[in-house]
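For clarity, chains are labelled A, B, C and D in written order, and residue numbers in each chain start from 1.
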Amino acid sequence: MNALVNCNRGVEVAYGADQFTATLAQAYSNFFERETFIFPVSTGTAGNGLALGAITPPYGTIFCHESAHIVTTEAGAPEFYSGGGRMTLLAGEHHKISPAVLEDGLRRHGIGNVHHMAVSAFSLTQATEAGVVYELDELHALSEIAHAAGMKVHLDGARLANAIVRLGVTPAEMTWKAGVDILTFGTIKNGTMNAEAVITFDPEIAKVLSVMHKRAGHLCSKMRYMSVQLLSYLEDDLWLRNALQANWNAEHIAGVLRPCAGVELVHPVHINEVFAILPASLLEALRNKDIHLRPWNFGSKGQGVRIVMSYCDSTEQIQRFEQACREHGPSEASSLRVHR
Amino acid sequence: MNALVNCNRGVEVAYGADQFTATLAQAYSNFFERETFIFPVSTGTAGNGLALGAITPPYGTIFCHESAHIVTTEAGAPEFYSGGGRMTLLAGEHHKISPAVLEDGLRRHGIGNVHHMAVSAFSLTQATEAGVVYELDELHALSEIAHAAGMKVHLDGARLANAIVRLGVTPAEMTWKAGVDILTFGTIKNGTMNAEAVITFDPEIAKVLSVMHKRAGHLCSKMRYMSVQLLSYLEDDLWLRNALQANWNAEHIAGVLRPCAGVELVHPVHINEVFAILPASLLEALRNKDIHLRPWNFGSKGQGVRIVMSYCDSTEQIQRFEQACREHGPSEASSLRVHR
Amino acid sequence: MNALVNCNRGVEVAYGADQFTATLAQAYSNFFERETFIFPVSTGTAGNGLALGAITPPYGTIFCHESAHIVTTEAGAPEFYSGGGRMTLLAGEHHKISPAVLEDGLRRHGIGNVHHMAVSAFSLTQATEAGVVYELDELHALSEIAHAAGMKVHLDGARLANAIVRLGVTPAEMTWKAGVDILTFGTIKNGTMNAEAVITFDPEIAKVLSVMHKRAGHLCSKMRYMSVQLLSYLEDDLWLRNALQANWNAEHIAGVLRPCAGVELVHPVHINEVFAILPASLLEALRNKDIHLRPWNFGSKGQGVRIVMSYCDSTEQIQRFEQACREHGPSEASSLRVHR
Amino acid sequence: MNALVNCNRGVEVAYGADQFTATLAQAYSNFFERETFIFPVSTGTAGNGLALGAITPPYGTIFCHESAHIVTTEAGAPEFYSGGGRMTLLAGEHHKISPAVLEDGLRRHGIGNVHHMAVSAFSLTQATEAGVVYELDELHALSEIAHAAGMKVHLDGARLANAIVRLGVTPAEMTWKAGVDILTFGTIKNGTMNAEAVITFDPEIAKVLSVMHKRAGHLCSKMRYMSVQLLSYLEDDLWLRNALQANWNAEHIAGVLRPCAGVELVHPVHINEVFAILPASLLEALRNKDIHLRPWNFGSKGQGVRIVMSYCDSTEQIQRFEQACREHGPSEASSLRVHR
């Protein structure tokens, strides 16, 4: 954060759009080990909307998970940015789409059937809204199916850094090497103030994006305030260190929760999120330590909590959490219900 | 059909748009017992698209059944005509939406939640794609809920005449008296060549439609060729006689099928459609009489047929059907599985 | 017309979509001497909207004449079908765009300027709304400039038959051989009831059109009623004979008007339209013969009339017109003001 | 600027969306002396797009000046945000629309003509792109005509502070008291980093905006970084002091230029912009003092410059400008050509 504030002060000397573009594009091209086109935006919704709009015509459909953020919480951004597209919803445990489900969805839709919309884009979320990651071979399999059907592959990377850290792969391996054509590169949840980015490796898509980016009002006149955030994010591996710390904190909390009596971890803990059903007694023990968890609705499984860990959680906070759990006491056979 | 051909010849003397509009609007105002605004179109997809577009802004959502024709087979017409709207899908047996399901859908969506699209329209199909009708009290209950949520109510009436005949109500009772704001009035499936119509009772919606109708290219320069179809449809109760005959034919065929060994009627037979699962032996018996039924996929229930009866089925055709069934033989307890 | 009525009766035996498509596409492929994709629609507005929408993304602009029908009288169909495109307006005498004007317009717009919309389509009208035709070499020059800028070329052919007859060229020479990628093929003004068509020679554009055509509600379930019109139009050169007759009638009327005192022909008479400023005395002489001309506003030039001649004008009507002019009397030097 | 940087540091303690909304809406309600709904965005293009999209349906048209920023330099944002609307262009000296021109434009368009788009919005720019202001009585006359035609009135206020200062009126008098329904409130050109706002006084429009704002990706998750800019802008009359200084600087520079030989001021100097045609000799004299002016194309009037003065121009810079002019020498009768 200090780095950001310093940069924020340092740029008061104006510099031109071209220099900015060049620097930013160069930094991200290095990061992704390939020529990269980057379009800064101020929200994840803008990023997803622009990215999907650039690869989906008004008569096209986007295959995605029924619980994807683009479906549930972005007020129709994909429909807006595509100018009339539709999302075709697929199911899957832990908010993941399996290759078999994608293939089946395409078969049921039919390609070239004029009574159905054109098959245009496949969007996946890495890590998913359930905090679970796709393995590299899953990404490869999915993008192969999508490309064969004539779709472009979009990756919603609101928590991409955490997923990269989890898998121990390079940004290149996680994206274009796995068949990703365009991605929403999230940084706000991992350290910046209000800068996300749409990133593509395809110059044709980049050409479309350059007009859409301006037209939607996301091309800032004083772009330097966003650029410094996106540049600082890469400097000294800030993104990596933040994500590592956040993932580690979540792993730690999950480890503390697992043995507790009556606790169920609903999804595997891959990144910095823990989804769990806790007994009322434990919730009260936590509240007594001034820890207030966000309620989460698990549908037929009932009510639980979502715990999002951050790079800036303090040791003291984590110790209070541990203490509450310890005082609440262990389960006899809780491990049986835990996914890993 | 003769009536249509005669009319088609009769209009070679040109007459003006105003006279046409006046005549058509007057005829349908009489039909619906209220001032009626009518916009002829050449397909049901155009009708549904225009109707929904007139009541759904680009940021709005349409609540409808997941099996509605607008969802499954119109290539995204609602998204196109609304300029970016979305359909929110509801479930329900026999393709009907119950008041409880609509209420629950609205509760889960949330009204005024900026992360979700605005709640704009409720679309129901009468009769449904399963050939089943909503009773008047169901229509009243649904439109009351929809209106309370700020939605306009659209009725897809591709088989409206058949539904009116089934319920023995007036066109007025079936539409505006039951809270319907706008409807797609189907006539092609019940006798005309290529004329359907969007009908509304609300002058504000009519104002919007008049521009959209032109803009979408559905305002014909030689409108008289469509008007005569829509006028003839009402003359001498042609619509009523055709629908009565078609419904009666379906009821008759259902009565023939019910006692047959191994036959399951999947949906109640309310109008001119019979959805059934037939044993292979019966299908063969029918084929031997030169009767070829359209295969229909009932999902988890398996494969069956859809039989659509028409006002112009011949007695001879129906007798051949009966003969095949008689030769195939009756079931011992088939009636237990029959819906009515 | 008889041919159409006969066909209209003849098709009561249903035939399948595939047979229809095959027949129609084959007939038009022969007509255009190349594989042709044809999409019937019921209005010219639908035709223009679909054609332009298929080649213009929501962020694209269409260069066209400021007096084009798509600009002045189609209620925003191009914006609707493109989902947010814009028309960039060019000027030019007799509603024609010169190559120099197109080049200048492109230069002022700038290609690749993110503050301006993408350059997507060039639309010209043949013959123009002023009844004037582009020569083949003008078409070649324009489409070359357009293609070099990355645009697709659209031709609004509401009066294409009349233009073909005027130039004495083949349909192929007038369209794809001159660089036209897609056209609206008008037939209603030249004989049919309610059938126009979008025609393209590009299979990629055809793929887009096939979904858009359905989605906009222009894919008729009983398509045969439209197909017979479009097929009859080509049979026995009906299109050619109608257009020849209509052009000849207009040429004749222009010849009668030219020598009249106080008459100004505002545009050259190339097809079946005569635009003229007539003295009040002549207008009265015509009215006395029961001839009522359509008033036309020529802007700064003042008020005049538009005379559209048809293949079905009777000899008696034309003779009455001649008589009125003869009685009104000749000008001494009227020919000086006449364009040819 | 110091105020902004201080605030920017101060907000590291997170505070909730509701508190932010309440504070910001309250501050602007005080500023405008009426309940005000405010939606922060990061660019003027986003502001104009959202504002116009909220009052223009896809089938609607926006009347505006042919040189308006929304027409020339926003890549089709109004078409995008309205989902297919169109801008109808009006002419006028100094980029101002007169009441007579608006009335004439509406008459030529025709209201309720289905062949033309619906008349939805009137957009004016205060001050105009030529740096000229509308007087209050002009605003009143224009909005009265627009409202009578059923349009909503939008004001593009990229330089609103400068216009308010020029006229010596209150923000309320300049906006809702003059019939403005919605405005784009520019602050970036007058001091902030990347925060503009859409402001409306109409709760119905605000309801629409709240969904569109999210859907377009302009509702920031960490909204506080934008709010502090918009709040600081009002504190201690920062907006007023900046605008006063910038206007004064421009007035001063105009006073220096007017007497110079060969100088023509193309537009009256009302705010902080000076548009002028300068002799080559003067341009060189300025360059020798290291002053480089931005070239500006005045169409048929030829090439000139645009000088935008700012609240942060230094006395030293201005003195260098004066010196160059003094050395270049005065005109004998230059004042004749000056507008005031």
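Everything that follows uses one rule, which is that a contact is a pair of C-beta atoms (placed from the backbone, for glycine too) under 8 Å apart; a residue touches a chain by one contact, two chains touch by 3 or more.
Note that the coordinates shown come from a computational prediction; the quantities given were computed from them, not determined experimentally.
Asks: Computing the C-alpha centre of each chain, which chain sits at the greatest distance from chain D?
Replies: Using the mean of the C-alpha atoms as each chain's centre, the farthest one from chain D is B.
Asks: If you tally the C-beta contacts, which comes out ahead, B-D or A-D?
Replies: Answer by contact count: A-D.
Asks: Measuring centre to centre with CA averages, how many angstrom lie between chain A and chain B?
Replies: Here chain A and chain B have centroids separated by 43 Å.
Asks: Measuring from the mean C-alpha position of chain B to the mean C-alpha position of chain D, what distance in angstrom results?
Replies: A distance of 52 Å separates the two centres.
Asks: When the C-alpha atoms of chain A and chain D are each averaged to a single point, how far apart are the two points in Å?
Replies: One centre to the other, that is 37 Å.
Asks: Among all residues of chain D, which ones touch two or more of the remaining chains?
Replies: 58-59, 74-76, 80, 83-84, 114-115, 117, 211, 214-215, 219
Asks: Could you list, by residue number, the parts of chain C that touch chain A in their complex?
Replies: The contact residues of chain C facing chain A are 57-59, 83-84, 112, 114-115, 117-118, 207-208, 210-215, 219.
Asks: Applying the document's contact rule, which stretches of chain D touch chain A when the two form their complex?
Replies: Its residues touching chain A are 5, 8-9, 12, 41-50, 74-77, 80, 83, 188, 193-194, 211, 214-222, 225-226.
Asks: Sort out for me which residues of chain B touch chain A in the complex.
Replies: Touching chain A from chain B are residues 58-59, 61, 73-76, 79-80, 82-87, 114-117.
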